[in-house]
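Structure in structure tokens, see below.
Chain naming follows the written order as A, B, C, D and E, and within any one chain the residues start at number 1.
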């Protein structure tokens, strides 16, 4: 376990990294925290939550903690949680994973709420990279679909991109629910409001990714069936011209002893003329039917 | 009927397994429970509910009670109910089916509410296995669709997986509605909160299964039509090359007595050259049209 | 008009079957019911509603009144209404159609509310048969789609099943809205609650039908396009093998006087070997491309 | 401008048809109506609204004002508005277009609210014809799709029918929002309730049209792809039988000098037998694969 | 930085265009505005918001600021923000981009709220052009799809049109949320109401675009698959007629020495009759199967 105590002017911040259950139980005893609450801070994959205890506020939030392109749609694969306990004189943070953004926090923080909001700000910032990565991925998808590189378009990547966007969006929606329930001192209202706006902006971008993804998949399907239609037309045109002609040449390839046309000196030329005529008729008919 | 009475320090727990209506009516008479309420505890497939009676709280919840892979989408096939009646001094539980998890309950329980919450916790745990089973099923589906084993992908299993996920989700949403209406003593708020979070987590996982299932079916359809497109292209290419060539060789297979080309000593070679030329032209045209 | 008056211990029940407007106006005059309210009870296809008049409660509900398999999606085709007016001493019911379930009502009913709830119970029971019929229909659809009897699957029946389920669900949702607004004496709360639960259960089953229907139609479409894909593959395979071979035999069917291969004593066998070679090459290529 | 004043027993009704802005400004001056409110009554395409002014109630509603089959989806094309100002002693109505239903209003109206509700009733009645027209259109669509007249089914009409239903539904939903905010004297509550029910019924019917339209388009797509599948099967069957046979007859059409089969006196019959055998094999294989 | 101070009868309007952070910090110091609030006015792409500060109201809204046909779906590409701070005696507006509509504001404005509402009105007017442009685009799409110019229909334009409509709609919905929270003096309620109605109207039109776009894409897909079906039918018809006939002529093109038909003087004519008969049979069969 790593434990780190920092004293600010008016309050104390105690940060526990990767504590064992037994260690934690002892350390936290003076605060009278319930057993079930303690478990929440240790449970892998616990979703964002807020709970008002007698003398403490308890919040769990999750920060995005892997590389943006990591392909997973499991909350515990993509994110790690921080548990906050705070009252007017103390902020306790508990987390399994070490976070860089917890290190360089300045000294000019006036109360535990402000510090908590500052950490929340940095947690929200962790979602910016994967959100941008998804946005760039969408730009790539759009290029593949619209610049006639359909065969490069990866439905596989689209599927996992959607799953990831959905998980991130869900976590941010839960975070929004939590932040909307946090009640802070009037001095901190504007800071908290700022984080809610950041959150809304991230949710908007993930929403756009999801909307675009569905829209693009439909476009991809329609483009594919349009291409199939074109290829079918081509096949039909080829067949419509050559099937009748090949039949005709087949007729005069028969070996009957009595076929008057065969001995006609112009038979060959008449046949060629007939075939040209048939081709022209088919062409005209196709033009009229708007197939060619 | 199996009846089991357990005395705790401050209260009594009476558990009825598979009681007959008449037996139940008599046993429960002292509590003045209404006839309609009694019927609820016996009705097969009754959905989760909460009702405040004069002197008792009445709750029905359902535990998942078959093997995870059981293929059904009927509430009464997949789950069995437990009815709870409780006040400050007594907890009565009524259920048709025997549940293992009702057996090894410890002695350190302080009030009927705590015991009820403990049983609810174990009921919710019964949904974990089928939820994980569905999640593993989705992983299998994803492998089938994305690792080019389309023919192994079973829309049949997807359909029944979705139906089952929907039923489980619906039951858990109803359970959520019930738990949100339960009012407990302040000491038990945190325990109950923990169960609501477990519930939310299960609902989230079923939600993900349903979202992924819809997403994957769309991808499967788009992949199928993409494959059809490729096969059609192949057919069109084969036809476009061989239909004209076969026509040409057909022409010189005709038996007309007067066909000057036939007696030309280079006729055969000219014909072959013409056919090569036509093939090249078609190839170039296909290249331009981005079909090849 | 059929009018039927029944006296219970503490109240009176007046039942009017198929009254004319003029008759009704006169009969109802002593209760001071508004003209617009009266019209509601006579209007064909009026939706479920509740209205609190000065001295009476006014409710309209609709019972399913045709055979379960009747193919219609019009509220007035499928259902018939009963209008209820009641206060502490009287229940008046007005309906155009005769209902069997109004006949054998026992004597042990204590107040007009209880009688109204009893009739509502029997009205809700009329929806059970069509709901079960729809559920059986879905089982048939599933068999058709999954047991390779695609050609027996009737999109026509699916479409009308959906329309009917939607109408029944809508009526039950309106009934739910009405029942949630009904305020009854504490003694009757549990009875009314029971009917709300019955209602919820019916809505759930219709919901499941609708979800399954949409899911199954998507599966049907994907299965159809999968079958098309397989048939196309077959066609492509046949064509890919026989188009080149037929071309080759066409070449040696030409009648040129100067074709050295024709006089080669092994020409025929070389040609057969070439064709076998080509077939093998195509087979290998198809295997590699995973088409065969 | 047409202005029409009618005196009832306890109040006055002033109806302005197609007033100019300047005229209106002057006429309405005594009531102290705000400039922006005045503009609302003149703005083309203004949506339904309600606003409480100091001493007046102000309502805008829209009546359907063109023939039912008119193909448009613009609010101002399909409907025209009436603006109502009223207090206890006066009702002012302002509208650009003349409405027949404003003419034959009886004398037995007791207050401005009643008159307003009566006019609203007649405005809602204008939506009945287009709603029925859409319902008949849907019946025609259903016949086209299900009675094997797919080629008569017009996606064009479906598209515009949907757009129109959506616009009408939206206007009626806005009207519902307005009517739910109107507060009337207890004597008029039942009359107003009646109009809300009429409104609900219209919305229900448009809802059904929209649901049916989406459902039917999906069925149409699935039917089309089913037909394509059948046609492809046919093509594949024809090809699978004739491609091999045509190849075989091509083989014996070759002109090699050394082909032992050609001089075999039974060669022709053996070949025919071989071809029958191949046909039977293909037939059996197709039967097994359930293609035939 | 451009700063512009205008004095009205009862208040002052200070407009800052493109201020630097440092400049802004100094200028705004007397009003005691929080640091985080200041940042909001400078942050690129900040979404619409409202915040009540101690002595000031703070609003951010966004005006559409590029040409209607600009193809982008990013909030900061399409729109620019104006930040409003106001109390009873002052309106401060802050914006990066210059807006023409801020220039010609009349003198007859009575209070800062009225001026703010006037500017909001002009901001909303900026959305009218792109909304109309989208509406015209939809008319073009509809012509392309329904007037048999399917190949001119651009799914690319549809996709970007949808993305743009979605972004505009979202901004307007956020603006609606903001305006619904603005509390104004009774004199200004009607003016503000007017803007809310304008807003609703714009949202309605964007909604219609999005609904139409989805509807049209489905129609396009169904039309494409209908066309494919027709082309396939044609191909199948051609193949069904010519494959058997070509086989027959192939049979009599075989070079067996012993083929009795070949020496029959009517063999050729019998063969032609047989082929006519087969054609008629296929034709009748196709007619029955409703393929022709």
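Going forward, a residue touches a chain if its C-beta (ideal position, glycine included) is under 8 Å from a C-beta of that chain, and two chains touch if they have at least 3 such contacts.
Heads up on the chains, UniProt names are A, B, C, D, E = Magnesium transporter.
Every value quoted in this text rests on a predicted model; they were computed, and no experiment measured them.
Between subunit B (Magnesium transporter) and subunit D (Magnesium transporter), the least number of touching-chain steps is 2. Between the contact lists of subunit D (Magnesium transporter) and subunit E (Magnesium transporter), the overlap is empty. Look at the contact of subunit A (Magnesium transporter) with subunit E (Magnesium transporter) and you find different residues on each copy: under half of the numbers used there are shared.
As a whole-number value, the distance joining the C-alpha centres of subunit A (Magnesium transporter) and subunit C (Magnesium transporter) reads 35 Å. In whole angstrom, the spacing between the mean C-alpha positions of subunit C (Magnesium transporter) and subunit D (Magnesium transporter) is 22. Within subunit A (Magnesium transporter), the positions touching two or more other chains are listed as 221, 225, 228, 232, 235, 239, 243, 246, 250, 253-255, 259. Following the touch contacts around the ring from subunit A (Magnesium transporter) toward subunit E (Magnesium transporter) yields the chain order A, E, D, C, B. Taken in their complex, subunit B (Magnesium transporter) has these residues touching subunit C (Magnesium transporter): 34, 36-37, 39-40, 45-47, 49, 51, 53, 73, 148, 155-156, 158-159, 162-163, 166-167, 170, 217, 220-221, 224-225, 227-228, 231-232, 234-235, 238-239, 241-243, 245-246, 249-250, 252-255, 259, 261-268, 271. Note for the complex: subunit C (Magnesium transporter) touches subunit B (Magnesium transporter) at residues 142, 146, 190-191, 193-194, 197, 200-201, 204, 208, 211-212, 215-216, 218-219, 221-223, 225-226, 228-229, 232-233, 235-236, 239-240, 243-244, 246-247, 250-251, 253-259, 290-291.
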